[in-house]
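Here come two complexes built around subunit A, the first alongside subunit B, the second alongside subunit C.
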Partner chain A sequence: MFGEKALELIKELERSAEGIPPFNDDGIRQVLEEMRILCQANFDDIENPTTDPPNYSSVRVRHMAISRNKRCILAYLYNRLQKIRQMRWEFGSILPPEIKSLLSEPEVQWFTSYSKALATYMRSIGDNYGLNLATDVTPPKSLYIEVRCLVDYGKLDLEDGEVIFLKKNSQYLLPRAECEGLVRQGVLQHVTS
Partner chain B sequence: MDDSVADVSEHLDSSDNEEFTPGKVLQDIENAWLNEKFAPEILPHQSELVDCMLEQISHMEENMKKLKKGDIRLAIHKMEIDRIRFVIKSYLRTRLEKIEQYTIHILSEDDKKSPEESYLTPGERKFAKEYLANIETLFRTVALQHMPANFQAFEVDKLTVKPNLNSHVFLRVNKPVQGIIVPGTTNDEIDLTAGAQRLIQYQPIASLVKEGAVQLI
Partner chain C sequence: MSLCHSYMPNYFSIDDILSSQERVSCKIEVKLPGLGYLDVSSESPDLQSGTKLDLPHWLAYPMNSRTHPFVSIEVPKIYKEAYREILTADACAVALNKWSCYFYEFGIHLAQYEHSDCNLIQDLLLQAFKSRFRLVMDWAHNTGTDPTVGLQLPILERKLFLTGRKSRCLLISWLKEGGGSIETSEMVANHKKRKRAELEDENT
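The block that comes next holds the complex of A and B.
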């Protein structure tokens, strides 16, 4: 049936609500191929009709199928972009390699341009005062939070000039503003009791 | 925080008839934040408030440098600044999310307005345009250019997402307004009395939110 491949793409995306599935290059190509075949069939029916008058209803059905395929492909791409956008906010402007491998080349480019546009905007806030909107995501409850370090991270320079070493499996009481980014990257874990 | 804020109040523009104290600015920005958070559509930007508040924060931070380390006031001021900064960032983030979601709609509405009336700041407008252009580029490279010739268009009207203005919002009335007509079955007229709280559709009160006659909560 027409449009099945396209539906497959959407379902695939829907199934992996968490994270992002690898870019389905083959799936996209198959849908595009189906569109091409349908379009050619329509073209033939109009140019050299086997019946008189030409069979408009089958032309119409094919036309609808092509439109639907287009819509599905764009929806697939758009919803992937939403996930990729989310990653910009979670991981910052550099994509982790394991995620990068799941994206197509144009998507990586999109990520870079999105990052750039966002950075330009954030720099322009408040008469070029600049404000990093990716931090302070939750309302601050206290200045310091207790965190457990999950990996051997190494040196961390604090704002007041102190330098501490973050070691695996040890706990620290740190200024919230300074470790928020590390918590989101998964280096530190916020300990809530 | 009054001490350190009072130091900077002279920097503020006080030409308005209305009292324009740092406390008022903070209150205004919190109101703007709540309105923006709960309104389905994007509201006129408040970049003066944001700029003003950011300036104050940097003044407060300057003042804090004079305090000794370990001074109790340091922690309190810092907490206060963190809170204000969260409000500002959350406010701007909410706007960005709306811009990304309703890009085409917002840009086309904005094109009808003069630059002074624009709901977006120049920075936001630039961002919206780039965001749209980036999406179009991706759609074209991956899909559209490989489609049959008469299906290659980037159909703006089909891709437009519009905010749902009929969604319901909670509000508190600041100034009394009479004769609000709620669209729907009975065409009831509603009078809003000052201080009252209501749950109502957004559409009929959209202009009141922008004028400040009601506050979304």
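The block that comes next holds the complex of A and C.
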């Protein structure tokens, strides 16, 4: 049946709804190959009709299969891009290496240029000071929050020049704006008692 | 034959692609040269008229177009009289996902065909959804519900259930803490869980 390989790609995406599956280079190539064969068969049928008058029904059927394959591939790429865009907001501008290895080369490039565009935009707003849109995702209640460190993170430079050393299982009272990103990345945990 | 029918909710929708993959049994009306390989049981190079085949909806629908139908279709039995009666009797007692995971979406696709059985499908879907909706809402709002119950619902209801459940959890945490605490991003949390599971696998 037509479109089996393309469907496989879509199913892969559906199965890993919360993450992203490794980029299936081979799958894409097979779908493109199927489309090429169908397209060639259509050209042959049109150029040398076997019956008189020519019967173009098969051409139409193949054309539908080509359209379907095209839709599946585009949906595969588009939905991956949506996820990669979401990652920029959740992981920050640097992706963990395990995730990066799941992306294809053009996708990594896209991520970098998206990051760049976002940074340029954030610098351009907020009356020349720039505005970091990734902070204060939920409205802040206080300027300082208590956080517990979950991993040995190392040095953290605060805005007032002070340097603190984040150690596993220790607690700190820090300016909210400066540790929000780390909490979102899972380095710190916001302690509410 | 028109190839442009609109896509719901959009061209890139994964659910729409998967639901249009559901099969419709078709009878070929026009000989299709060179496509014999679609029918695995025959060895002729052409697809003869009169052959019966299960084709996915995305292929069957344009082939069944009004002006030049290549195929005649038969409505799947889950949308027919006998099953309709089951649904009318008590839609809540049915495990709809066993009939089809895409019961509603596929039903909407089927309602587009020119076929005498297709006119009733829309009403059937609406009635079934109306009577089951209360049940799904109840499950989503009741904290005592087994969370795996969502897996026994067709996709449309499952999404409603999960959304309802999530918003319920958000409401509870807001009532308790007044909000404002920063959480680890969902994707990051999932990524960590997976990493931990892999580490444990390596250790054992």
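In the analysis below, the second predicted complex is superposed on the first by the 184 of 193 C-alpha atoms of A that agree within 3 Å, B and C clash if a C-alpha of one lies under 4 Å from a C-alpha of the other, contacts with A are read in each partner's own complex, and residues count from 1 in each chain.
The rule we apply is simple: a contact is a pair of C-beta atoms (placed from the backbone, for glycine too) under 8 Å apart; a residue touches a chain by one contact, two chains touch by 3 or more.
Please read these numbers as outputs of a predicted model, since none were measured by experiment.
Peer 1: Comparing subunit C with subunit B, which touches more residues belonging to subunit A?
Peer 2: In the superposed model, C touches more residues of subunit A.
Peer 1: Quick one: classify A:124 as touching subunit B (first), subunit C (second), both or neither.
Peer 2: first
Peer 1: For A:104, select first, second, both or neither according to whether it touches subunit B, subunit C, the two together, or no partner.
Peer 2: First partner only, subunit B.
Peer 1: Quick check for you: in the superposed arrangement, does A:36 touch first (subunit B), second (subunit C), both or neither?
Peer 2: first
Peer 1: Applying the touch criterion given at the start, work out whether A:143 contacts subunit B, subunit C, both or neither, answering first, second, both or neither.
Peer 2: A:143 contacts subunit B only, not subunit C.
Peer 1: So, does A:50 touch the first partner subunit B, the second partner subunit C, both, or neither?
Peer 2: Only subunit C is touched by A:50; subunit B is not.
Peer 1: Answer with first, second, both or neither: which of subunit B and subunit C does A:173 touch in the superposed model?
Peer 2: neither
Peer 1: Touching A:85, do we find subunit B (first), subunit C (second), both, or neither?
Peer 2: A:85 sits against subunit B, while subunit C stays out of touch.
Peer 1: So, A:74: does it touch subunit B (first), subunit C (second), both, or neither?
Peer 2: Both partners.
Peer 1: So which positions on subunit A get touched by both subunit B and subunit C?
Peer 2: Overlap of subunit B and subunit C footprints on subunit A: residues 67, 71, 74, 78, 138-140, 176.
Peer 1: Within the complex, which stretch of subunit A touches subunit C?
Peer 2: 1-3, 7, 10-11, 13-14, 18-19, 41, 45, 50-51, 55, 57-58, 60-65, 67-68, 71-72, 74-75, 78-79, 86-87, 89-91, 96, 98-99, 137-141, 145, 176, 180, 183-186, 189-190, 192
Peer 1: Can you name the residues of subunit A that touch subunit B in the complex?
Peer 2: Those in contact with subunit B are residues 28, 32, 35-36, 39, 66-67, 70-71, 73-74, 77-78, 81, 85, 104, 106-107, 109-110, 113-114, 117-118, 120-121, 124-127, 129, 131, 133, 135-136, 138-140, 142-143, 160, 176-177.
Peer 1: Flag every residue of subunit B that touches subunit A in the complex, lowest number first.
Peer 2: 50-51, 54-55, 58, 69, 75, 78-79, 82-83, 85-86, 88-90, 92-93, 96, 100, 122-124, 126-127, 130-131, 134-135, 137-139, 141-143, 146-148, 150-151, 158-159
Peer 1: In the complex formed with subunit A, which residues of subunit C make contact?
Peer 2: Listed in rising order, the residues of subunit C that touch subunit A are 1, 3, 11-14, 17-18, 21, 30-35, 38, 56, 58-59, 62-63, 70, 177-192, 194-195.
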